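Okay, so chain A shows up in both of these, paired with chain B first and chain C after.
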Partner chain A sequence: MGAPILEIRGVSKRFGKLAAVDDLSLSVQTGAIFGIIGPNGAGKSTLFNLVSGVSRPDSGEILFDGVDVAGWHSDAIARAGIGRTFQNLRLFGYLSARENVMIGGHARLKATLFDSLLNTPRARREERAALSRADELLARFDLAADADRFARNLPYGGQRRLEIARALAGQPQLLLLDEPAAGANAAEKRALVDLVRAINAAGTTVVLIEHDMGVVMELCHRIAVLDYGVKIAEGDGAEVRANPRVIEAYLGTPDA
Partner chain B sequence: MVYAIAAIVIAFAVAIDRVRTKRTKLLLLAGLAVLLAVAPRLGGSDASVNALVDIGIYVVLALGLNVVVGFAGLLDLGYAAFFAIGAYTYAMLASPQFGLHLPFWVLLFLAAALASLFGIVLGAPTLRLRGDYLAIVTLGFGEIVPQVFQNLTKYTGGPNGIGALDVPTFFGIPFGQSALPYYYVTLAAIALTLLLTNNLRASRLGRAWMAIREDQLAAAHAGIDTTRSKLAAFALGASFSGFAGVIFAAKLSLVSPDLFQFQVSVLVVSMLVLGGMGNIPGVVVGAVLLGLLNGTVLPQLDTIATDVLHVHADLTQASFLIYGVILVGLMLFRPEGLLPDRERRAEMHAAPNEVV
Partner chain C sequence: MHEFLAQLVNGISLGGIYALIAIGYTMVYGIAELINFAHGDVYTLGTFVALAIFGALGISGELHGIALVVDSGLALIGAAVCCGLIGMAMERLAYRRLRNAPRLAPLITAIGVSFILQNLMQLWKGSAPIPFPAVLPNPRFDLGPVSITAQQIAVVALAVAAMFALQIVVTRTRTGAAMRAVAQDRQAASLMGVDVDRTIAITFLIAGLLAGVGGFVSGVYYQSTWFLNGFSAGLKAFTAAVLGGIGNIAGAMLGGFLIGIIESFATWLIGGQWSNVTVFAILILVLVLKPSGLLGERVPEKV
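After this line comes the complex of A and B, so read on.
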């Protein structure tokens, strides 16, 4: 595997006295599936928020493809090629599944304000193409039958898949998945693993926050473990599992 | 005649809203256009044509504001300010005021451009605000603009405004005193506004607005520049208002600051609420109903009170009471408006504690 697509260097983020992320450094190789695990409150989602521009780090650099994107607006980061999903799902609930996916592809369309206003042939062509791309994605995510339903009316698993489809519609080089297996049953987890593999095989680097160790171990080439905003271990699945600090963070100290 | 035409427009709007296929919609729309084009020929006084033009101007205003409030979800309570800017653009550039006599047709589009520029001026610093805060700032803007026109006496004629505006000409033929030419201009303006706002609704930009309305953070993560998209909504919405302002000023041949008070903004917002925000046929229905109430029904109530009931009550004083009753009733029984779009209908009828 080649150069790192995402390199986090000494990033810190404090909320009041709490250091949610503390001088964190990690590097994700292009083409990898990279796992981030850790107990609740370890700073995993905060890290995603920093990378996707929800909040800006107090210090440190976030290099995406060699460019420091720390402090950029979310939309600029999305256009640069980072897509994400949210732990607590942020779908456009009162829009159809298809519209959700089409909005995800917003940055890939070129229609200007005047194209939109005048519905120029160029805009019409582009809309048709966007529509068929959206329908393809929905079909790939087993959501074709739900295309016209409000996103909020889909079953939970469908909403999870729809959020990934929406993120992929932006054709990101880097996809951040925040607990995609949450609430999934065994069969859904199985399907999710296949889906993430397929996305990765198609050339998208994936960073995954996940509590389900089965999913993490199966998917991830490399895993970082966070605890109290600090990286306490990094390595492949076997290394991480054998690491005493990881065991301590998850299970407590033996004499506690 | 005013009532008959209003009823026809509402019936067609409801039908257009109900039918599914685009072809049927277009056929209905074409039928309505033909009906409206021949309607004044079938009789009816100049006063009733005049009343229809006023309603028509409200339709343009409501469709324009719908871009801002309905599509992008930005509550703008100062929309009359852009209407005033359009009207004063015509008044200052086509009257003896400065001895400038630019053509009506040029000024229509110049005023639209100017109004959208002011939309950007207002929007740029304020669109970071959300919901109520934005509403308050736009409300302030709506108050300031007429004040500025009132106090820049040297340029705007102060409280008396500017009169004797140029009578527009159409290929050299002056419009004259009849309201009929304005009727056709307004009809064309409505057609243009319908076309453009309908294009917007189904466009890349329209989708971006829907996304922002639903969840701004998620919209930004889809790569939507939320500030720019909102500015576009403000600028485009304002341009329709400026456009309508020129027609309004030319027909009246007079502008003065009191024509653009807060009530105008409130009336247009009420049209959206009544008709069904975001849904174009609904907005037309709301605008026609309230335009009719405002321009025709309420003034006649006065005559009814004096002539029939022999009481001297100034019922125009009660107009706010009547609006209030209508809106409260609407909120109680049909909060999504008379003809809502799919989203609002579902939104208003979702159980408050429903798990998402």
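After this line comes the complex of A and C, so read on.
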């Protein structure tokens, strides 16, 4: 029974006439795995963009750990402890896998500009720590052999894992995963479920956007359903599945 | 053969200076998508600052031994640091707020900043060419068919050392990785906690540092400067950056040396009055035939 780590209060975001997110409120308990589902265009990714600071809401509050972060710069939000991945991978293609993960660790960087330019002991210590942490993460994500390859040269599955590893390198308290199972085969989905559980067990709250109902139902303690920017249902898996509005929105066929 | 080698050595020395300036153009373009036309003037400022430091130290002739190392070290570091700070200030005051403006706006601003720097330097030292003390003893070394002066060796050694240091910063440090990450995907970098403003500021700092080194080196090499010195040198360095592939650091180094060599051979074979024409004809040819340059953008060191 934690306090909510993320609380969204009356958030709206319009693009021209279209309300991508419309007076949305939801709250994610600390330690949960929270699912967000809904048809394409329901506003799920827009919500992630608002929470991670890619765009600012027109109105409403986004409380992270009790602090309203709505409208903050995305680097400040990342440093505050929110990490994310992207639906369309946004790796740094011409950086090695290891460097991608080390960039992810930037949120934890303490060395000042002065330190890093003059290569002070503090900068070197941080660099070493970041390096060993990056290698640890790469090993955990089965990417150790690919550490020195450009991210763009990794196979698709490896790139997906690398995205998550990079987000975790910032040691976020809250991790936003945008369709991590997209394009994954059954074995990869299996591995993904285990991975997300392990991440969650290690103390990171997870919010998951996902189309794959199998993955969502298996992982999420609680699920919110969006449609046209509005939350039409919220509850655990069984409640959501039984909700007539959800069935309507999905035309009665949750794709399993 | 003698003359060929002599011109080659000339060209490489000249190219070292161009390369130092070209790197600044290319790094700033890579990360901020801005052609910083004031960059050539930052280079001139480097020579001016080195000159002022030698003046303050009361140096007007050749230095030897410890004095050579300490005093020219002071002038070199002073010039580099000053230019680095000017680069940062320029970014902070003029370019940052235009980052999301249409691309013509920062471009025109850069031309404006260039005028400001030129005019400040004109106010400072006047319009006439200014002598730079010949601090470096200049014996010739005969290496078989070619003879090299100590100044040429110093120019190339300093340029190569600065580029080597840059390469280490860009490829081996986290700051360097952050610079490359911002160059590739600014938004994703920001979402990973990278402070984009700071990273761009560091890029301008490094570009300025290298231009300052270039300014010092050019003073020592030519023993003369004037407030518009960076205008043509800047354009040639820009040509070098385009020739190598704008945004590509290794390309800027390669382009710098190539432009230096080409200019030197053009002066020898067609005549000094044709050297600028030759260089800018190359710029036009590259823009028409291979806009991505010799090494293109598809290279890891892109910043």
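Worth a mention:
Here is the rule we use: the second predicted complex is superposed on the first by the 251 of 256 C-alpha atoms of A that agree within 3 Å, B and C clash if a C-alpha of one lies under 4 Å from a C-alpha of the other, contacts with A are read in each partner's own complex, and residues count from 1 in each chain.
Methods note: a contact is a pair of C-beta atoms (placed from the backbone, for glycine too) under 8 Å apart; a residue touches a chain by one contact, two chains touch by 3 or more.
Predicted model, so just to flag it, every value in this text is computed and none were measured.
After superposition onto chain A, the modelled positions of chain B and chain C overlap sterically.
When the two structures are aligned on the shared chain, A:A78 is found in touch with chain B and with chain C.
In the superposition on chain A, A:A3 contacts neither chain B nor chain C. By the touch criterion defined above, A:A238 reaches neither chain B nor chain C. In the superposed pair of complexes, A:A139 makes contact with neither chain B nor chain C.
Once the two complexes are laid over each other on the shared chain, residue contacts for A:A198 go to neither chain B nor chain C. Chain A residues 52-54, 73-75, 78-79, 83-84, 86, 90-95, 99, 102-104, 106-107, 109, 113, 116-117, 119, 126-127, 130, 150, 166-167, 170 lie at the interface with chain B in one structure and with chain C in the other. Taken together, the chain B residues at the contact with chain A in this complex read 196, 199-200, 202-208, 210-211, 214-215, 217-226, 232, 236, 343, 346-347, 356. Only residues 173-175, 177-178, 180-181, 184-185, 187-196, 198, 201-202, 205, 299-300, 302 of chain C touch chain A when the two sit together in their complex. Within the complex formed with chain C, the residues of chain A that make contact are 52-54, 73-75, 78-79, 83-84, 86, 90-95, 99, 102-104, 106-109, 113, 116-117, 119, 126-127, 130, 150, 166-167, 170. Interface residues of chain A, counted against chain B in their complex, comprise 52-54, 73-76, 78-79, 83-84, 86, 90-95, 99, 102-107, 109, 111, 113, 115-119, 123, 126-127, 130, 150, 152, 166-167, 169-170.
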